[in-house]
Amino acid sequence: MKTMTKAFLAAALGLAVLAPSGIAQAESVIRIASPYPATTLDPSRSGAAGNIEVYGQLYSRLLRRNFETGELEPGLAEKWEATTDGMTYTLHLRDAKFSDGSPVTAEDVAFSLERVRSDKESALPSPLAAVESISAQDAKTVVIKMKHALAPMLANLELWNVGIVSKADVDKRGVDGAFATVPLSSGPYMVKEWKPGEKLVLSPNPNYWRQGYPKSDATVELLEIAEPETAAAMLKTGEVDVMRGVNWAQVDDLKASDGIDMRMEPSNVVFVSLLNHGREPFSNLKARQAAAYALDNKALTQAVTNGYAKAANTPLPGSLEFHDDNYPGLVADMEKAKQLLAESGMAGKEVKIILGSGSTNQQIGLLMQAQWEAIGLKPVLVNVDTPGWWDATGKGEYDATPTWWMNEVTDPDLAVRWALCGECDSHAFNTFYNNKRVNELTEQGSREQDPAKRAAIYQEISKIATEEVSQIPLYYSPYAIAYSKHLKNLKMTPAMQWTLEETTIEQ
Amino acid sequence: MSMEAAPIQSSMKQPAVILSWSLIVAGSIVGIWIVLAIFAPFVAPYDPTAIDIVNALKGPSATHWFGTDQVGRDVLSRVIHGARIDLLMCLAGVLPPLFIGTTVGLLSGYYGGAVDTLLMRLYDLTAAFPFFVLVLAIVGVLGPGLLNFFVALAVVGWVTYARLVRAEVMAIRDSEYIQAAQCLGYSDRVVLLRHVLPNAFGPVVAYAVSDAVLVMLAGASFGFLGMGAQPPLAEWGVMISDGSRYIRQAWWICTFPGLAAISLGLGLAFLGDGLGQLRRGQVST
Amino acid sequence: MHTVLRRLIQLIFVLAGICIITFLLVHMVPGDPARVIAGDRASPETIEAIRQRFGLDQPLWQQFVTYAGNLFTGDIGQSMRYKRPVVALIGQYVWPTLFLTGYVICLAVPPSIALAIASARRPGSLADQLIRFIGIAGMAIPVFWLGIMMSRFFGVGLGWFPVSGYGKTFADHLHHLFLPALSTAIWMVPVLVQSLRAALIEKASADFVVAARAQGAGEREIFWCTVLPNAILPTLNLFGVLVAFLIGGTIIVETVYAVPGLGTLMVNSLLARDYQVVQGLTLMFAVTTVAVTFLVDLLSAAIDPRARV
Amino acid sequence: MNGPVTPLVTGPLLDVIDVSVRFGNTRVLKNVSFQIMPGEIVGIAGESGSGKSTICRGAMGLLPSTAEVTGEVRFKDQALLGLGEADWAGLRGRDMAMIFQNPASHLNPLQKVGKQIAQPMIRHLGLSASEAWDKAVRLLEDVGIREPAMRAKSYPHELSGGMKQRVMIAAAISCAPRLLIADEPTTALDVTVQAKILELLKDLNRQRGLAIALISHDLGVLADICSRIMVMRHGEIVEQGEAGQIIDAPQHPYTRLLVDSQPGRKQFKAGWKQTEGQAPLLQVENLRVVFPGKRDIVDILRKRKPTPFAALDGVNLAIDAGETVGIVGESGSGKSTLARAIIRQNRPASGTVKLDGSPIERLAGRDLLELRRRVQMVFQNPYDSLNPRMTALETIAEPIWRHGMADRRSALSQASKLLDMVELPAALGERKPRQLSGGQCQRVGIARALALQPQVLIADEITSALDVTTQAQILELLARLRRERALTLVYISHDLFVVSSFCQRVYVFRSGRIVEQGAAADVLTSPKEAYTRELVASLHRLPRQVRESIEG
């Protein structure tokens, strides 16, 4: 009996070990492991990270940003002109096709933009909020009329959610049908297979308007791998070629690994701690300042990111235009913090710190708790999952929470509207911060066409928000991404787009 | 029937010796953990929640025997303090289901009829619900945290106890000493508590101890999924979960609490096994 | 026939209860699926529009009536997040879980039987003590911890096994799921061994075994034809419970090894508040549990005439 | 008595020479020697623990490996002890076969009985499966099972106890062995069935020349069919000899005790009796107790009525104060249901039970407690009737203080008096049931019932699980107590002998009805109903001539 058991175990082990692993592949594949899942392929419907990354591959925009220079270049629009008052844009389309060979028309463009602008379920209509109307002048010409001039209008037309989809297809299959499995694609790639929550397989779009792109004929697999440890292991064994969302603690190890290119790529990401201005203790300015002075974000950045990120000086992403790198922000000072808290009369108050999942949040939360306890607050940590986090912050049922966000473009307009404007939809990112001056400046900033004046406006906004501690700035985090070395020219842009069409594979 | 039938088979002497030996070892493991838990503040070299960010992720050394975790807390101190929570979890995770289940089993087994039918349908329902899903959902509704985890366990866990007790009670219900008790005019309460329960309780105790192992593992598992104990509490499952993210840089963070969980689990498992054997042995002699 | 009918009626009762409870539980969890669907930056208007579209703005009872009505027509709903029928999602995710379950059974059952026999042959012997010790020890190891350690050691350290996923071909599946299956089997084997061992020892001294011996049956014949069939019954029932548990309980192993199975789908859907998927899955788990129990009962009846009604 | 076959082989078939068996430090057999001649039926008598099963299992090589056996056992001049596994297997079932006490547990529940009978033939005689099956069907017919072809396809649980024992016998004789060892083959069966099985064994002996070693605690059974009897006690043979000699002129005092303890050999002095003309103390009028058939959801949906089972169907009886009344019947006849109805454990469907003229069904509260005090019961199974977690003293004291007749402390002292009254040493009071013998447990049970000083005592088969000698002692105790305590006794038993020797009047139950009633002596000596006659005929009584009239 014993020999039987042994024989069985040996057989099982042998079978399992000998079974061919997935490494030796005949067709070339680029596999990207990301913790962020693709949940919908409809560009107007979601602003979640996993979806943003995909939209860029499936849908071309009117303008595109040069991956190397970062400049705006013609996309589906071959050329364009704007009136001097900035109230009308006329865009001329090139001869481009959808993945099924049907032409991309001005009607498709108008339809796609209109969906983003006015569809009730549009996830992010704000880039087109200043638009009055979009119309197809002829088959190749689109006219956009504005409610008011908007400085970053052209940049907004490069956003991930204004990708062009086929009107005919949506009319034919319905909104759900058109994007459920294999949508018509106007970008470099098209969907080959989608297993929600598991992987999305893309293959090169033969009808892509940029001749010779994608450079490689490899299919692309976007795999959802939630655990960074698992993803790292897969990268090392060659099961994936790219690992998105490397943990800071993994960086050194991956850097030292053969065949792996561990890179820190610039991003529009900022880590902050939200504070709830709607209730005590952080409805009190001095209590907020005390909380901010108590957090030494230089030390925190060093501890959490091993120094790979840069300590933040304002609550807005440091990569935005007009950002003043020299502004000192609030410099940590425990004594001052204690004093401010004592003055605020909020000492001893309970602070509910809610933590979303992920080791970074946990770590920051622990540090916040320790620091604030030291100045005399009573911080309590509560773990929540993502929907729970949105629920709690949206309803203002929290006092502080570490989180991050990313601005899609480098223009600060959207960022300010999202994070600081108290009269915009976001309740200043659920902090319920509401400063009249900031609100006014927000409107001014988006209308002002002169870059120098805009710089002054946005620097003033940053300064007010920082000093009033709308949020506590933590750090500006690059994207930590590890690549297999045989991939060339693959990177992630600050707007979270893969440069897959430029990528080639070297053996 | 004569009483002839039973006598010949009783060759189980040998295991009994080893058994008591394993009982002693198991008992002392559990005992050590209980002592450590009670005196944790005195035994642990550091404050388990004290953050020392400069010394984060340092390996085992003379100052930190089990190393430090991602924010520089002493892993040894956290393992020792974790014993408090994990033992509490065993207790609070076992006793309420035991109480509810025993009551349900007692009533349903003794009275039968409509009470039994109703309770058994409830039993079917709970049993058909996947354990993890139900606990997950309940924790989801009530929010994560130890207390809610216990509530969820009580909602799910009574089932096994109820079935065990019910089966025992059904076997005892018609036995003659219960009939005698009824015939002597004892009230239902007396019959149930004094005559039925003590005799139906044996298997429950043995199961409860092994259930403690399951509860501890479940608690650790839910801590692992972020739904059990909340930070900065030191709980082994949470520590393993946190540590698993650093396993390559700092193997010690998740290895030591894992070993702690295994040792306590082993102690409890052998204790439960030993008690079960002891009980069976008692009955057969 | 009678039994089948009774089972069906019981099943309907259980399922109705499960539908109601799951519905309530899932809808009581704080968090808005619309937020997950629209993403971080969506405006309240957008969120509201999405809620309307999925009928989430209606009172709870009305939502339940709609849900129950759809159930009656055999429609278990559509994923709000993926805009796909729940059935299709289950169809996608069920195979890794089934494969894993089958794999675990293949890895667990033969050694369980072998060990139990080896152990029960001579109760109290060194081999028996050893098997019992390992058995109890096996139960005390946290599966998720074991999973992490094994994936680190065999997967990353030695590189023998992939540390996640499911693979494409059958051989791939075997290779990918070996560690998850093994770590589950390590937990399952002791449970089965304990049960079978106890039953074997008990039945080995049963009266009918003495009778068979008195009729001149050889020890080998007695064991295989008399003791084993009689001892297998309680273990079979336990096995059924375990399999049902496995199908619904692979959550942790699937999370640790990133296996795209039902457990993963469950966790993801719960995290996304994808109500219909969670409800559909729970329902499916419950049906599976009942079905497995029923199957085990049928199998018991095939072995044991007393179980036939 | 019945030794008709002339032995063809000279010399003993089975020769047991000086065999001792020990388990660890306990010796269960001491220097036992005896012989069984071909074609002979030898009885082995003894009480539980006397080693009678051990010696037979030893002869079959069925003792567990922990047993140390010394001495010599020869079967047809072949030394058996020390045989290898294969040799044993070739011998068992082929040359010597065995049947057991409890046929239900000795048949494999998972196999058709036909297959179980066929297996030894396939094994030993090399028959094919179908040949063996055909032969098994014929054997079933031989052992008196009707429709054997159909029955062969049955599983054990579908057969009655008697049929199961017949199946076991069929399997045992299938290979035509020379020796059959029958270990208490009829103990678990009803008397009428018991008689038929013994008849079958006798026939087998006569027709096939099968030597039988019959083990029984019942001397009556042995005396009936054995030519020789050995009496065992504490692992030793205290006496062996011709059946007649053992019964009529026992030499050893233990044998004498055994013979004297046989039920019915001792006539007990009638209890006290109330003067005529008074209303009966306990009356049962037209009592019907019905157990509902099982009904589940499906039945309810189909509006299918459950088929109720009437355990008692129109029973009338009246018991005067001071009388001892016997209730006799086989298992399932409803006698226990009656007892349970009297103590209000079963609700009657119709009819009533009256105590002192007032119906007990509606009693509640204090009145019910009063009833509990007046009517008590002693149960059948000595171990099962005591709470295993309570000491004897606690058990006896509990009713006293619970009924508020004394506080807990004086209840304990009263309990120790009761212990004394049932002739138990005070030291046993601190023991729990499993540390007591069956007879001692039964005495505790009696003491507990008497603790409330009841008027009516119901004794439900209280001696059926005990050895004969113990049984006789318990009966004597009960006879004394009914006098001293002025008890009215309802004595329930399957044993007509006991009932007739102990009771004044007897009711004979069958299928929930009373088929005959009358004075005890009359029912036993001149039964009127066919069923009673059958019952009486199936009793194995010892020859009357040696009966002494001991008056208790």
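Just so it is clear, A, B, C and D label the chains in written order, and each chain counts residues from 1 on its own.
Methods note: a residue touches a chain if its C-beta (ideal position, glycine included) is under 8 Å from a C-beta of that chain, and two chains touch if they have at least 3 such contacts.
Being a predicted model, the structure only gives us computed values, none of them experimental.
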Report summary line: Counting C-beta pairs in contact for C-D and for A-C, the higher total belongs to A-C
Report task. Would you kindly tell me how far, in whole Å, the mean C-alpha position of subunit D lies from that of subunit C? Result -> 49
**Report entry** Rounded Å distance, subunit A centre to subunit D centre (Cα mean)
**Finding:** 86
Report summary line: Expressed in whole Å, how far the mean CA point of subunit A lies from that of subunit C is 38
Query raised in the report: Using mean CA coordinates as chain centres, what's the subunit A-subunit B distance in Å?
Result: 45
Query - Numbers and ranges of subunit D residues touching at least 2 other chains - result: 102
Query raised in the report: What residues in subunit A touch two or more of the other chains?
Result: 227, 385, 388
Query raised in the report: Could you say which residues in subunit B touch two or more other chains, in rising order?
Result: 9, 143, 244, 247-248
Report summary line: Listed by label, touching pairs are A-B, A-C, B-C, B-D, C-D
Query - subunit B - residues contacting subunit C, complex - result: 9, 12, 14-15, 18, 22, 121, 124-125, 127-133, 136-138, 140-141, 143, 210, 213, 217, 220-221, 224-225, 237, 240, 244, 247-248, 251, 254-255, 258, 261-262, 265-266, 268-270, 273
Requested in this report: Please give the residue numbers of subunit D that touch subunit B in the complex, ascending.
Outcome: 23-24, 47-49, 53-54, 57, 63-66, 101-102, 184, 187-188, 217, 340, 343, 345, 368-369, 371-373, 376-377, 379-381, 384-389, 398-399, 402-403, 434, 438, 445, 448-449, 452, 464-467
Report summary line: Touching subunit C in the complex, subunit D uses residues 60, 62, 85-86, 88-94, 97-98, 100, 102, 105-110, 119-120, 123-124, 155, 157-158, 168, 171-172, 296-298, 301
Requested in this report: Using the touch definition up top, name the residues of subunit C that touch subunit D in the complex.
Outcome: 2, 5-6, 9-10, 206-208, 210-219, 221, 226, 229-230, 303-306
Query raised in the report: For the complex, which residues does subunit B have touching subunit D?
Result: 1-5, 7-11, 13, 175-177, 179-186, 190, 195, 198-199, 285
